[in-house]
Amino acid sequence: MTDAVLEIRNISKSFGALKASNNVSLTLRAGEIHALIGPNGAGKSTLIKQIAGNLRPDEGTVWFEGKNVTALNTVARARLGLGRTFQISSLAMDYTVLQNAVLGALGKRGKVFRFFSPVMKDKKLLAAANAALAQVGLEEFAHYRTSDLSHGQRRQLEVAVALTLAPKVFLMDEPMAGLGGEGSQRLMGFLDTLRQQAPILLVEHDMDAVFALADRISVLVYGSIIATGTADEIRNNPEVRAAYLGEEDAE
Amino acid sequence: MQREQLINATTLLALLAVPLWAWYVDEPFTITLATKVAIFALAGVGLNLALGLGGLVSFGHAAFFGIGGYAMGILASHAQTYTPLASWPFLLEGTKSMPVIWLVAMVMSGLAALAVGALSLRTTGVYFIMITLAFGQMFFYFAISWPAYGGEDGLSIYVRNGFPGLNTLDPIQFFMLCYVLLAVVLFFFARLAKSPFGMALNAARQNDERVQTVGITPYRLRLVAFVISGAVTGLAGALFADLNRFVSPTMLSWQTSGEIMVFIILGGVGRLYGPVIGAGLFIMLEHFLGGLSEFWHVYLGVLLLLVVLFARGGLIGLLAGKEVAHD
Amino acid sequence: MKLKTILMAASVAALAHTAQAEGVKVGMITTLSGGGAGLGIDVRDGFMLAIAQSGSTDIEVVIEDDQRKPDVAVQLADRMIQSDKVDILTGIIWSNLAMAVVPSATAQGKFYLSPNAGPSPLAGAGCHPNYFNVAWQNDNLHEAAGAYSNDAGYSNTFILAPNYPAGQDALTGFKRFFEGALAGEIYTKLGQTDYAAEIAQIRASGADSVFFFLPGGMGISFLKQYADSGVDLPLVGPAFSFDQGILQAVGDAALGVMNTSQWNKDIDNAANAAFVTSFQAEYGRLPSLYASQGFDTANLLLSAMAVADVNDADAFRAALEAANFDSVRGDFAFASNHHPIQDIYVREVIKEGDVYTNRIVATGLTDHSNAYVAECSM
Amino acid sequence: MSLILIIEQTLNGIQFGVMLFLMAAGLTLIFGVMGVINLAHGSLYMIGAFAAAAVAGATGSFLLALAASLVVAAIAGALIELTVMRRLYDRDHLDQVLATFALILIFSEGTRWAFGSFPLFLDIPDALSGPITLPFGVQYPLYRLAIIGIGLVVALGLFALISRTRIGMQIRAGESDREMIGALGVNISVLYTLVFALGAALAGFAGALIGAIQSVQVGMGEPVLILAFVVVVIGGIGSIKGALVGALLVGLTDTLGRFLLPSFFGLFMEPSSAMSVGSSLSSMSIYILMAAVLLFKPTGLYGSA
């Protein structure tokens, strides 16, 4: 278990009687895509929130680049280099696509308390933003209002904003949802190369994408990880088949 | 966008032209009304930074307006009676110089906004509205029951404070002073809205989580915006007190907070010039409806209700059409 | 009907800005909307009744509503002076509004005749040759209450008033004349509506009487709660909580309470009898203290206009100082600081048929002036 | 400072708190279910008092007056909901604040238009007037005790309504998940109108109860409204229990502050300045309490995060 960039150790979180996370441990290594799958209600969102810093675990710790970040909030974790995309798009809807990307670049640069110079004329910020948009293929939509984008395009923009942050880890919550077949293919291709830039913890429902992309897969059921392994290991794991993959058809 | 800029320029010009015309035909009261519009507009522009850009529905801005007013009243009353404000730990004299009074008004109301904001911004939404309202009431009751500076009776200043090189008692000169201040603040706020700070603040209004995710703390953005907003509203309060040569706790009442908010909604929320048009409209309504009926507040209420329900962009919205992305 | 025409004429004239008017132009700033509008309406009605009865054609009255807001009052005064070019201002009900308007109006050479508010700064160091108060100095009725408490044999009184300058003046005024001890002294919050906590302290204090100054709705609340509390110490107060307008809202709780006033509808003189009858005939309600003050203010003005030109300020001022008019209060003169010298009566709240009202039972102070004459350098 | 005085002041604080609860319960319920802020709640309080005073004046019956306050305020509430609030559920809070601010202007001046500028008369019924003697020789007005009793009964009734009845279940569902009640097959628009009318009726009822010992006049509602906001902030939005606890806290703090603070400053200051400092500070005491609660619990004592 070398160079784990992100590590979760024995996290538990309960809401009343419901154990949403039950002694979960997970690592994300440099250069890999680690997919987190599980049926609805398995506790994926709760786990992501604890990693991103929205929720504090009852027990256990979160480590980022060898530092214990359990007590840090979302902002601090983002500044350390945790780039997150949301399951339900979380963008500034009144802004243009470019403005959203510039916001990311601004966050990366950090000097927010500047009151006079126009931010949309800052060449460095624009360059960073445009580059990120080009990477996800949104450059021609730069001046669209974000609320006018399709769901798929919003996902792409989520990824683009995360890119402007040049994070050390990507935390992606269902980036494929709502993308058409072509869009999914394109994004998959992109993520495939992105893992060289920073490892990705990927929560995804699209099983084809997961099995095609992931270096490792963890399966979360009822708040516990029942298995972690390569695509083949998971596919052939009887416990996983019983608990999860068997139900996939019914979903 | 083009059309809104045209409306803005027309508004600013009209606010200048009317009192100049009144000066020409010797109608000093019209100049006084225009001065009131400029000052209320300034208060509204101040609040609109928090409310329009920051999404912070503060129902306690009258407190900052009143603190600005009292900064003027207290400094000028001490200067008037030649008594020092404090003799310990160092001698603090009153003053009748507007620039000094403005500075003190902005600092004091900014500090009050810092204290109120630091507590209130821990909450959001409805909580924030109710808490700012309650803190506003706290300042109001304090002003009424603190006997040193007139309490409920307020403070009267017999001669308007001075500005180097101007005769501030001349209505048109005092108007120009207020007008220039309004224009300067409008210019800075126009820049601020497009600055990194303004962009992040506006983004935090639209989506708090997004701003956190890119590593910016919305709380700090909002607190700074709230302080600037309070300071500008405080500046307006100092001018308003000078216009009337009088300050009283009425300036801090919750109705005043409501009225400042009404300027914004009449003109158009989130539009830089919204409060300017709104204040103008409000003063005209007060002037003409007030002449028609003792119960003009009923008409004002109905009009306001109609604007909220059916004309959400306010007057600028009606004239300029649908809002487009700020690019 | 006649009154309405004059009001109409007044407002039409105001709109038309007739600058060449021969007569006197009066600007009335008073509270006609919002809380406390009843007082302003009474002052206005009393004032306009006197103008109508005089049949005078060379007086023009511009009436505006100050909404009880000082800033509105100041701007109305500015407008009346700057645009309407009035000669005389009047009408303000509240001390804080008077403090905002009067100093700058008199400084600009206008006359101000106060039909109600009489804050102490305007009677003392801040007095002005062009400022006349036709009602009372703020302390007067409280001073009479203090004097009456002595006469009634009270020796240990509990006093309370709202925590604002007029309230502080009230207790000071009472203490200036009251010779007994104080069982307690409380300042309440302005606009407070629940007095249970204060009443409990009164009950526990061992006082033999209570003096209170709580104008408007505050007084109504206090009286009702006091009556219900079972504390049955005698109450004394100034007329403001026992006026015609609000007594009906207090009801039985006010019956028998002693209050001090410079006027009542049963003061026996011809002017008063005529005023009460004509006011009732014109407006269909009993006149209040405030209406009587408005009526007197207008008559004072008319008496001065009869002998002097308003443009000759010195002559006009002398005519005002003479106070040569038939006050509905009987004898009336101005002290050197332009505040009334008058009798102040003690009234008792009674019920006449279905209507609660007052009758005079004693005289509290005779030919009473005010405590600030010496401070005024006029 | 005798024990009797302290007991009497404590009762006063409780009575004040109970009255605030009636206001705050409606506010918090309306907010919890519909997510709207209603500044016109104070106007409903006033409407209840005016309705009661008008009916009491015409019939002489206090019971009828109370009934009238409930009915008229509920109808007014339902009308507000149907004509105005309904259009505001999807809007942001600013629109709600401004629309209900406009309603205050309309109701206040409209009432003055209809009833004139002078306060109306409403008196305590004979059966409840005068004081009674409690243990330890405490004399206390029976009517105020009755208010405490009525308030507590209403509080129990509300708890029962929320936890035991079908409507209560729908209200709870609405508070936790607005979409869910649609799925439950509940007619949302009817539920919203009902809840609004219920909140309005509580406010009007409080107005009538208090109108009998205070002055029934235009503008009586707003000071109470602002105190009710403080209560809701302290208790936590949407929580009836929080409203009760918050109301009692505010009532006791205000009453005891008014009475204890001036005496406290009297220990080391001269009486007149002690009086004014004490009074100034006591007028701010509940806001200081609110600030203190916020420091530790930004969502109020019983509010959900």
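Labels for the chains are A, B, C and D, by order of writing; each one numbers its residues from 1.
Keep in mind that, in the parts below, a residue touches a chain if its C-beta (ideal position, glycine included) is under 8 Å from a C-beta of that chain, and two chains touch if they have at least 3 such contacts.
Predicted, not measured: the structure shown is a model, and the values here were computed from it.
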Query raised in the report: What chains touch chain A and also chain D?
Result: B
Query raised in the report: Taking mean CA positions as centres, which chain lies farthest from chain A?
Result: C
Query raised in the report: How many angstrom between the C-alpha centroids of chain C and chain B?
Result: 35
**Report entry** Rounded Å distance, chain A centre to chain B centre (Cα mean)
**Finding:** 44
Query raised in the report: Where the centres are mean C-alpha positions, what is the separation of chain A from chain C, in Å?
Result: 74
Query raised in the report: Which positions in chain C touch two or more other chains at once?
Result: 33-34, 37, 163, 168, 187, 189
Query - For chain B, residues that touch 2 or more chains besides their own - result: 141, 144-145, 147, 295-297
**Report entry** Two or more partner chains touched - positions in chain A
**Finding:** none
Query raised in the report: Name the touching chain pairs, would you?
Result: A-B, B-C, B-D, C-D
Report summary line: Within the complex, chain A is touched by chain B residues 188, 191-192, 194-200, 202-203, 206-207, 209-217, 221, 224, 324-327
Query raised in the report: Which part of chain D faces chain B closely enough to touch in the complex?
Result: 31, 35, 37, 84, 87-88, 92-95, 97-99, 101-106, 108-110, 112-113, 222, 226, 229-230, 232-233, 237, 276, 279-280, 283-284, 287-288, 290-291, 294-295, 298-300
Requested in this report: Give every residue of chain B touching chain D within the complex, in rising order.
Outcome: 51, 55, 57, 59, 119-120, 122-123, 125-127, 129-131, 133-135, 137-138, 141-142, 144-147, 254, 258, 261-262, 265, 269, 295-298, 300-302, 304-305, 308-309, 312
Requested in this report: Write out the stretch or stretches of chain D touching chain C in their complex.
Outcome: 2, 4-5, 8-9, 12, 15-16, 108-109, 112, 116-121, 123-124, 129-131, 139, 141, 143-144, 210, 212-220, 223, 255, 258-259, 262, 271-272, 275-276, 279-280, 282-283
Requested in this report: Mind listing the chain C positions that touch chain B in their complex?
Outcome: 32-34, 37, 65, 69-71, 74-75, 78-79, 82-83, 95-96, 99-100, 103-104, 107, 119, 163-166, 168, 187, 189-190
